[in-house]
Amino acid sequence: MDEECWKLAEGFVDRTYVQQARQAQQSRTKMIKTLLSQRKLPADGWDDAAIEAFVMSLSSMDSNNFEGNVGVGEREARIYSSLVASRHYFLGHGIGRSGDLNAVQPKAAGSSLLLALTNKFALDSLKIAGMTLVKDAAVVPLATGMTLSLCMQSFHQQRPTARFVIWPRIDQKTCLKAIATAGLVPIVIENSLEGDELRTNITELRQKIIELGPETIVCIASTTSCFAPRSPERVVDVAKICSEFTIPHLINNAYGVQCPSIMGEITSAMRKGRVDLIVQSTDKNYMVPVGGAVISTSNPELLESVSKLYPGRASMSPILDLFITLLSMGASGFRRLLKEREEYFQYTKERLLEVAQKHGERVLNTPNNPISMAMSVGNLCDGSDRDSTYLGSMLFQRNCSGCRIVSTRATNKVAGIQFEGYGAHTNSYPVPYLTVACAIGASKTEIDTFMGRLDKVLSEYVRKRHQSQARTTVIPSNPEA
Amino acid sequence: MDEECWKLAEGFVDRTYVQQARQAQQSRTKMIKTLLSQRKLPADGWDDAAIEAFVMSLSSMDSNNFEGNVGVGEREARIYSSLVASRHYFLGHGIGRSGDLNAVQPKAAGSSLLLALTNKFALDSLKIAGMTLVKDAAVVPLATGMTLSLCMQSFHQQRPTARFVIWPRIDQKTCLKAIATAGLVPIVIENSLEGDELRTNITELRQKIIELGPETIVCIASTTSCFAPRSPERVVDVAKICSEFTIPHLINNAYGVQCPSIMGEITSAMRKGRVDLIVQSTDKNYMVPVGGAVISTSNPELLESVSKLYPGRASMSPILDLFITLLSMGASGFRRLLKEREEYFQYTKERLLEVAQKHGERVLNTPNNPISMAMSVGNLCDGSDRDSTYLGSMLFQRNCSGCRIVSTRATNKVAGIQFEGYGAHTNSYPVPYLTVACAIGASKTEIDTFMGRLDKVLSEYVRKRHQSQARTTVIPSNPEA
Amino acid sequence: MDEECWKLAEGFVDRTYVQQARQAQQSRTKMIKTLLSQRKLPADGWDDAAIEAFVMSLSSMDSNNFEGNVGVGEREARIYSSLVASRHYFLGHGIGRSGDLNAVQPKAAGSSLLLALTNKFALDSLKIAGMTLVKDAAVVPLATGMTLSLCMQSFHQQRPTARFVIWPRIDQKTCLKAIATAGLVPIVIENSLEGDELRTNITELRQKIIELGPETIVCIASTTSCFAPRSPERVVDVAKICSEFTIPHLINNAYGVQCPSIMGEITSAMRKGRVDLIVQSTDKNYMVPVGGAVISTSNPELLESVSKLYPGRASMSPILDLFITLLSMGASGFRRLLKEREEYFQYTKERLLEVAQKHGERVLNTPNNPISMAMSVGNLCDGSDRDSTYLGSMLFQRNCSGCRIVSTRATNKVAGIQFEGYGAHTNSYPVPYLTVACAIGASKTEIDTFMGRLDKVLSEYVRKRHQSQARTTVIPSNPEA
Amino acid sequence: MDEECWKLAEGFVDRTYVQQARQAQQSRTKMIKTLLSQRKLPADGWDDAAIEAFVMSLSSMDSNNFEGNVGVGEREARIYSSLVASRHYFLGHGIGRSGDLNAVQPKAAGSSLLLALTNKFALDSLKIAGMTLVKDAAVVPLATGMTLSLCMQSFHQQRPTARFVIWPRIDQKTCLKAIATAGLVPIVIENSLEGDELRTNITELRQKIIELGPETIVCIASTTSCFAPRSPERVVDVAKICSEFTIPHLINNAYGVQCPSIMGEITSAMRKGRVDLIVQSTDKNYMVPVGGAVISTSNPELLESVSKLYPGRASMSPILDLFITLLSMGASGFRRLLKEREEYFQYTKERLLEVAQKHGERVLNTPNNPISMAMSVGNLCDGSDRDSTYLGSMLFQRNCSGCRIVSTRATNKVAGIQFEGYGAHTNSYPVPYLTVACAIGASKTEIDTFMGRLDKVLSEYVRKRHQSQARTTVIPSNPEA
């Protein structure tokens, strides 16, 4: 509504109230102006009404929503189903253009602006979370694995004759697959056991580089967020080595944004050594549906080369989810969530300790892992796959998801590589265990409920195990295995 | 977004595209300006994106959506559920204030403007449909019955000593109830049978007025939309009588907006006699959910007195539905729907004729009813209530809704009055029949499907009837009875 | 999905996971079963996914959503706009039938069931809130005023020769309008000033009944929720009088559900005297958009007669809002909101006291009003209308809504009656004041923000007043007046 | 609702209506059963109510929507914003697992089932459109470019020593970028000019294979949908060569699904030669927002290897869009759209001919291109880049999108390769031209409007050009260039 509209509105509604409404509109405009000029998260979250109005306003900037637009191209963002149109706020053009994910689309100025803002929000959120040296960030509509792969391909283009990716072991298939998808060869660095913790074996890593020759290496792929008893990568040490040997350093920081200690370590690594690109999942850190990742860097040119590598357009949906979510949180909301998670992590540890003690087990000592913890189950079960599968499925059937029981004896072949003790990040971890994470958005009630159920399941498991020693039982499969 | 915002947007998106987007925004603003200045339906329907953006913009004018608003009153439009907030586009204040449905709400300039515009749209739609002499219209969040009651109460306030409502018989409970709710006394005028049609008995009506004395009569309540074989009221004659005796004339035009002949008759009545208020249903004429009515008049003051009679606030929801729907149709879309209905009405009649002939029955000759038609079923069944109930439920169970089988022998007591031949609008209509209407929004496919099912059901009914003459059958109840 | 569907699903997804999903479905079914059998609010709120799935399931029970349904009636719940269809979850038939708001609609079993459940939820919520003797409740899609009017009309039908409504004064237009709309005559009982409080003058009330004769009185209309310094009606005393003189007792409990003390008083009145019908607003007590009311009673037959009085159908929308909201709150959520409000009310009073003291004013002593409080402003302004208007508009322009400044000198004619000191519930209240309410859903932050702004506005007002004593100022109108 | 629920419902709503509702529910269940057993598109489209109810039902099968679910993993599909949760129907887990896009997710049986069904729908739609020999299809949440890249990487894994992709020239950046992203080397085969048409130079293609050696070639990448005057690839000939030399054949059929002649040619190629994988865009063929592609094949194992190549999870959103859209269309709706497009294509050609003749130009003779057509503009402008940019921007500013003006003289470097005459698919096309496509979903009105605007713009352009020959003009940039 412009000046004239407001004037006309006074023909319907008293002037005073129109003025008041206009003032409110100006206040909204000011909120938008602040976003566009400060290029970061609003200090406080917006309410849903303001968010939807803004998204609709951006949507009106796309050609498919222009009044009287006619399209004679092959792609005109026509949307058949009104359900689909509504759920995307009539945004249809996706993002990217002709092979540059961040290129502005002529037909979609609104979508392009929305993407640009989301990138700024993501950047700001990383700084808030402690990654203070980051200079640029791009939100991509790909989950972590594919994004890691894209980053590696980008490094590969700079180092076309190299083919290895140095990869300190983390037993999570996606990371390894990402290397294979990029057409590269993983070099596994086994972790070293220090106390209960599995930590980066820097000595072996350095040795392997020298052995292969730094020029043959596409990048080192560190992993900062992981299940206990593996600890986050020693990224500072890895960064120093990368600097020393001039090797790109890619950090898989999948769900590390929520942990200040991890973000601090990465910042320290950026300061003291070499960190090229850092990849984080949107769903795991910002509570949106699966489908996006944030790539961040202190070197904007690197990010541009990744963005340019991407062929063609892509879905706008994960970007829009993050845009809405970060506007809704605001800086203060995001900070509050980070703070709560830290408190709940401590609380989870205390509660798990109680359960462990009651059942004659212990919480593994993993001081470096700020998000996941593990409790031994060696006295409860013999650590066979069968045991852990059974225990896991008992929990899953009681609506406890995300708890992994690790037998330490599993073997698995992933991307052509044979692993012993798969799932435990090492060939033979001394004791079977279960893992519990406290992720962003978890509530105290949830933790309490889980601990109650875990306690019951463990008791029940022991009882059943005694009974079943006399006969064969059908064991349901463990979905978390 | 203002000048400065657009400028800032150029920091994210190329200038050319920002300009294009801005032009599009201006085009939207111009659409809004046209609405506000012309105060009628847009020539062509708006697309959903434009509608939602406009509603969100109006919603931002309500105080509960002001940034930083704090409320210390008893009613601050706080909405608990985000599902509820979303479905109402964050509009929470309803309409009306302190006992005037059309009063502007200080806290809700957006809602007030939306209501004012909807009234103008409704007014325009009535003119388009042929009610050319209408001067004002108000959309109320009450269905037809309650609205009729409100109109009668308003007349009653002007004529406090009167207590009768002259009511040419129409066998539909709501109309009669409306009189009772208003605390008034209905005077039934029986219809006269002319050929197959039941028509207003003007002679008796006039006689009754003289008998009771015009000053005792609150109003005459005509009904223009009704099931065949009753025909629309002779509103021109009634209007002349109202003029002659200075009696208010209230027309229940529930679903008559969709019929040009009815709208023409009402216009003629307005020209030649007295018509005070006309009430039409929003769901039946505009394809929105049940819950609203349009009161129209050539005398704006009368409408104001009804609006002022209403105590307190009311739901915005039926208003919003009509607003969205009429914006979506536009004048051209509404005209097209009216035209299609007329074509389909003819088609329905032709198809019903075929079915009637096949089963040895006939379509009643009701040339004055432009929306409903009736087919005799006297040869098929004996016209007992039991028969008609059974036939009706067979159709309903085959997913045919809205077809009424009228036995002509039912008796019923409504609002304290005993009726013979209830459902047939007269004490003893010569033959049992079924009715079929062709309403706005019906499709040709629907008509074809119905005729196919009706044909089958009639055949099956005859077969079953022959079988059941030997034994007792359990007859399911007829939901349309 | 039935047995066979689940089996077929196993052809797509592993059996174990299908079983898990099926179990989850059963858990949902069990939640529904609990609702249907217990007929009250769920102990804990449902999440939005479960609510929407249930509403969609109910919606599928309405004929317009039957696969292959064809309609040949005049009202077939066709919905033109997909935006409108979506926002109503494809519910189109409204509620009520042929003049009974609670009658089951044959075409709309789902809507009918939804209404029946909502009535049960409302009933349960009243009991939770302390109205323990209530036996039945009906949610009507009419706001408080119209609902009060309907109740009065219902009493009038039982007592056709009576025409007065005894009405202890409350300066809120809607209540008085409701009497006029019902075609009845209000008899004003002035309040008595007891300390700072305005309380029901039971002596005068009794005298007036004797004077008019109990048989001429349609009902006594008490008001339990009101702005300080008026206190809630002495309903126990009024109920005793109603019992003594056999006069119906209607309680306007607009926003009293949120106050345990009010609910307790009403219960006490039901126990010790006569209370026929109690009307409460849905938006004010349950945080839904304006448009509904709950009528409650200990005499289900009375409710039925009101429901039967309503002519025709009505909007489903306010019912659906309450249904979603109460499912979302659950009993525990509703209890928590009630508890919080009480805490915040105390907090508001403390904060207001601080502001009052700072500006040389005082908080009026109104111990019986548990929702509204008042602060004198006699030293700040002279109590002229002009003054209060100006002060009010200053607050409104600073986004403080709901605060009323009462000059005590206003006169007003409402429904034909002339009032002195209008707005103050009495002819000449000793001091001008402002009112502040703490309603359900208010937050601590809101209260703090308000008090900060109030403090500033008062200071600014004094400053401006001193300046303006020398010259004329243009005063913006006060929207809360 | 199960048996018991229906029984309980009878306590609220009459038995007959509950039975009717139950029957309707069963009818819905039957619709689902048909989908699950027939594994193809429904014969007729579902209405939105049925679609939403089904999606909500699938959503309830995901663990994040289980009642009482607690999550102690790192990824629990918690969704922060209720706007985001709603728009995804509470689906949060995405698709894929541990590096297999089509793997069932234990936590998300509903999402997994939805994906499996969407794949079947897509497969069926391809068959309907004429790709009769196709055996399997996978919908991936990646747009065409990235999907082509993934397919090439999959071929590369089978042929690790090969590195070339034979690529008959098509001047669209994405295709070429896809090759680079896969880390492969494109070998450009220039088109041969046959009349006005640019067609595959089979001789040169064969020669190049022999020259490079078939074993060095990862695949041949054909393009079937393209802008005139390039015609769809001679896929039958290419397929024969692929068969002869045992080279994988990848078809970029981006928007070819809508053209029966293209689909027929591909089927013929599958019959007579070798076709490995065919990639089509979801947005261009099915009218959904950008973000998905369908990979189809007659060799299901190939598809599995692509699916397994993908590392990790991915967004569900493009899958859900296609699911909703195809359910909404049904087989009959999809067929109708295909048929309409063919009619409109002819109509577009006729109308373009008129415009061409009026302006002294001609429609290029491109009988093999069933979707795009071109009109010479050589007499109107001199074919400089500047000219075409100006003309293009005039059209874009008049809200005509998708019309490309090709100067034939542009040069461009894409993925490291230098192209002459870029945009025209050949080094020096004889005449500058503009292209017009008639894509699925275009309406007759749109075509008429476009032709009217084109006519005006050409006239205006000539006028301006004459004026500007005397002075320098500022030419806006052409967004389609």
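Which chain is which? They are A, B, C and D, in the order written, and residues in each are numbered from 1.
Criterion: a residue touches a chain if its C-beta (ideal position, glycine included) is under 8 Å from a C-beta of that chain, and two chains touch if they have at least 3 such contacts.
Given the structure is predicted, the values throughout are model-derived calculations rather than measurements.
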Where chain C and chain D overlap in contact partners, by chain label: A, B
Copies chain B and chain C touch via same or different residues, half shared test: same
Relative to chain B, chain with the most remote C-alpha centre: A
Pair exhibiting more inter-chain C-beta contacts, A-C or A-B: A-B
Inter-chain centre distance, chain A versus chain C - centres from mean C-alpha coordinates, in Å: 46
For chain B paired with chain C, centre-to-centre distance based on mean C-alpha positions, whole Å: 29
Distance between chain centroids, defined by C-alpha means - chain A, chain B (Å): 54
Set of chain D residues in contact with two or more other chains: 16-17, 20, 48, 52, 63, 66-68, 82-83, 86, 106, 396, 479
Residues on chain D engaged by chain A in the complex (per definition of touch): 48, 51-52, 63, 66-84, 87-88, 91-96, 98-99, 106-107, 141-146, 148-150, 153, 156-157, 172-178, 180-183, 225, 227, 254-255, 281, 283-284, 286-292, 309-318, 321, 324-325, 328-329, 348, 371-372, 396, 399-404, 414, 436-442, 446-447, 449-450, 453, 479-480
Residue ranges of chain D in contact with chain B within the complex: 16-17, 20, 23, 82-83, 86, 393, 396-397, 476-477, 479
Residue ranges of chain A touching chain B (in the complex, touch as defined): 1-2, 4-5, 8-9, 11-14, 16-18, 20-21, 24-25, 27-29, 31-33, 36-37, 47-50, 52-53, 56-57, 59-63, 65-68, 82, 85-86, 89-90, 104-106, 109-110, 112-113, 116-117
